[in-house]
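Order of writing sets the chain letters: A, B and C. Residues in each chain are counted from 1.
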Amino acid sequence: MGDLFVLAEHRQGELREITFEMLSKAPEVAKELGGDVVTVLLGSGVDAFAEKLAAYSDKVLYVDDPLFADYNSDKYQKVLAELLKTHKPDVFMVGHTTQGVDMAPALAVELKLPMVTDVMDIHFSDGKLSPVRQYYSGKVNADFGFKGDPPYLLTIREASFEIVEGSKQGAIEKVESPLKEDLDYRRFIEYIEAEVGDVDITQSEILVAVGRGIREDKNMTLIEDLAKAIGADICGSRAATDAGWLPHDRQVGTSGRVVKPKLYIAIGISGAFQHLAGMKGAKTIVAINKDPDAPIFTEADYAIIDDLFKVVPKLTEKITELKG
Amino acid sequence: MTEELQSFIEKYDLLGCIQCGRCTGGCPVTVRTDLNVRRFVYDTVDEEALEELAKMPEVWDCTACNTCAVRCPKGLKPVEVLIGLRNIMVESGVVQPTVRDALESVFREGNPWDKSRATRNDWMKDLEVKMAEPGEPVENLIFVCCTIAYDPKLQVVAQNLVKLLNKAGVDYGFMDTSETCCSSEVHNLGEEGLFEMMVEDNTELLNEYAAKRLVAISPHCYSVFKNQYPDLKAEVLHYTHLVGEILEDKKLELTRELPEKIVFHDPCFLGKQNNVYDEPRYVLGQIPGAELLEFDRSRERSLCCEGGGGKMWVETESKKERLSETRVKDAKELGATVLAVACPFCVLTLDDSLKAKGFEEEMRVAEILELLGEALD
Amino acid sequence: MKTFVCIKRVPDTSEAEVKVDATGKEVDSSRFSFDINDADNYAVEEAILIKEAKEGTVQVICLGPKDADVMIRMALAKGGDSAIRVEDPRIFAKDPLQVAKVLAATIKQEGDFDLVLTGCMSADNWNMAVGVALAEELGVPHAAMVNKVEVLDGKVKVNRELEGGLSEVLEVSLPAVLTIQTGINEPRYAPIRGIRAAQKKELKVLGLDDLGVAEDEVSEANSLIELMQMYVPELESKAEIIEGEPEEKAEIMAQKLVKGGLL
């Protein structure tokens, strides 16, 4: 019998989606544990957040203190360590995000917590918690179990759980921050936006890649529209840069750039060995090609075997619709 | 490093140059880039200038086709001066990421394609391949080449050779996955230290096989084994030598008609570097029904396809037509239906240009062994 | 500046077929190629850039098998001064927190330091845990996912790469641990002559006893978590073919991209 704690993540005045993803999975986990869903929120002037989170929680524990105006993993660690010691939940879920991974491992060391990171699913076998994570470029899954005592610390991969609207009316409890003074060894200075300007495709998170299949310069607008709709940068095969449809620094491959985006959409690219070598590190690959035997499909996660001129405009349209 | 720099003049016989300009005059890439190899031969006499010269991007435009060396009346090898400059960059650690990755891959896995050594012979799957064993006598030890072994588009070349050798019943053997990059391109990319190491290791490895002849499928491997591995025990051949012999001895007959108009493109590393011009033509001539054409620029005047000299990893940024495009245009004008090649890099460059020009309907690029495969069935 | 950099040898599985072995808890790695972990390569370069700018030393630490020596020598050829490789069959090197303990003991034994750089994530396991845990073990501050470092007096100013193109600028006092993000620099090439020359640099191989770490602190029995089983998920090995008329395909794909969190 123990509670499930979930750490609310927010930045620049907004609760981040990972928070609601974790909270959408939380009731199922809490039920197995036989406890409550307790959301932990640290911030400054965050009453409204607490209200919102109450709809997803049995209880919201929150610290409202100017010291928490911006995220600082050391300050978080100090407060969370105290809360965990006092409340002794069974499980503590933290986002496997740039905030979470900057804090969770240190917390685990400090309190000797059993920790599994980058969790993409949670099962129970014989009533025991068993998180699932991946190894080797996501090609194998592994089920974990716990040997130590709770609380168990899980960092949860983004987009693992679908968000469902909350319908609870949890109690909201404000707690005094155990941290009385600012820390001098780690100071937040500011947020900066990535410089716009020259695109460096080796750093892009999402890439739309175009090949000879696009045929003519004037058809590039199809690609540009799609890229715009999904916030992608554009790159291509050597055939595309050679033809002058793209500058040379957008060429992916053995004599171009090696890219590792989260998402790579290859359009009208056959998937020559010299091209594949430059993009095999992409996490998810979508290929659109009319030739079912094109080698690109051997690397793809999603295959659309069709005429790009029919599919791409529709894809842009549908994505724009869905994103609202 | 200084010791290295001082020997530049001697190493490349720079003072022997009479600045006649025949090297640059014959250099094929001058139509696309600013490379002026004669100037480099002149400028590198100044040792102080070497480091700055090495940073010039044109140094990487050279395809190591060897035309300059063939044409030099004083017997200089201007191409080696450029490779020496590349070496300066390599030793400083500042090279393009693609070059870095290719070289590291050769060092770690024995191939420049970042592929696992263990998968080197995957192309053999479902084939009956005779394997050579160290110490056991074999007439022909076949050396496959990293690019042919790993690029799915080229694996058919090695596969067809196996089928052909099996049919002809000649004594041959392939190596297990210890076959390691010949390092021709390692040399051309200027990594002298790695090249020396690979020559040493490969010589030891290859000599362990009691092979009479070492038969390379790629002209790049052939050329480097022949000219830069002084201690190899086996005689070095290109596969067109061996296949020519087989056909001549009537160990094999090509039966299927191929009513094609075939024009042969001389690979630089077979032709200009090693004077092998006749064997490929002889082999092609044995294909029933085929008509052989000749390029205007053929044999020692053959146009480089820009596939060698490390160009697989370094792009020449030029808006001008690729030489391989010029080449496929020439082939089309001749009325050829097949542009035949005998080198893996040529397949890649020419096939890509064929598609860029949109000639797929009327013509195709084929490695000689692809054609032989068709003529055998 | 006295800097340590932690490197790991990892398989490249981006193209390889991955099969679970007979134990059901590990994969068959006989057909993989191995390399230095990508992020660690950037960490090595950053350490050397810092050394070149501020003087000092760079020591390379690796917990791993003898095969990792190649990667260590490459790091030394690039400008590392000396290296320690820790190898001991009693260490349960599969728990990131145990790995952090061993690395911390190794660093402590070498005395004071200014900076420890690790990669932000290992390419095979994706834990993103070792560096931050190491900082806690060493009792020093840290910053994770760093894509810019500026060394100031007694502190570093760093940029942490956050989601969606945003960065967070921080000042962290030294000594500190930074976990380095790929793309922070362009790693140099280690020429073979350099690697050969680096054979002269010291590479110590240490075990638990040399480090004064008790076996039960870092053994499998002591790990608080347990890998129960590994398996290849269905559909992972092949592309999912989207069926239908062009418009339907577009619809299905759009759903997957938008709802599936791929965007």
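Rule of thumb we're sticking to: a contact is a pair of C-beta atoms (placed from the backbone, for glycine too) under 8 Å apart; a residue touches a chain by one contact, two chains touch by 3 or more.
No experiment lies behind these values; they were computed from the predicted model shown.
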Which of B-C and A-C has more C-beta pairs touching across its chains: A-C
If you average the C-alpha positions per chain, which one ends up nearest the average over all of them? C
Distance in whole angstrom between the CA centres of chain A and chain B is 46
CA centre of chain B versus CA centre of chain C: separation in Å? 38
For chain A and chain C, what's the span in angstrom between their mean Cα positions? 20
Of all the residues in chain B, which ones touch at least 2 other chains? 97, 114
Multi-chain touching residues of chain C, meaning two or more other chains, are 15
Which positions of chain C touch chain A when the two form their complex? 11, 13-15, 18, 20, 25, 27, 96-97, 100, 120, 123-133, 135-137, 141-145, 157, 159-163, 165-173, 182-183, 223-233, 236-237, 239-242, 246-247, 249-251, 253-263
Would you tell me which residues of chain B are touching chain C in their complex? 90-91, 93-95, 97, 99-100, 103-104, 107-109, 114-119, 191-194, 196-197
In the complex, chain B touches chain A at residues 97-98, 101-102, 113-114, 150-153, 311-315, 317, 319, 322, 348, 352, 355-356
Going by the contact rule set out above, which residues of chain A touch chain B in the complex? 212, 238-239, 242-244, 248, 251, 254-258, 272-274, 277, 295
Seen from chain C, its contact residues with chain B in the complex are 12, 15-16, 30-35, 70, 74, 78, 186-196
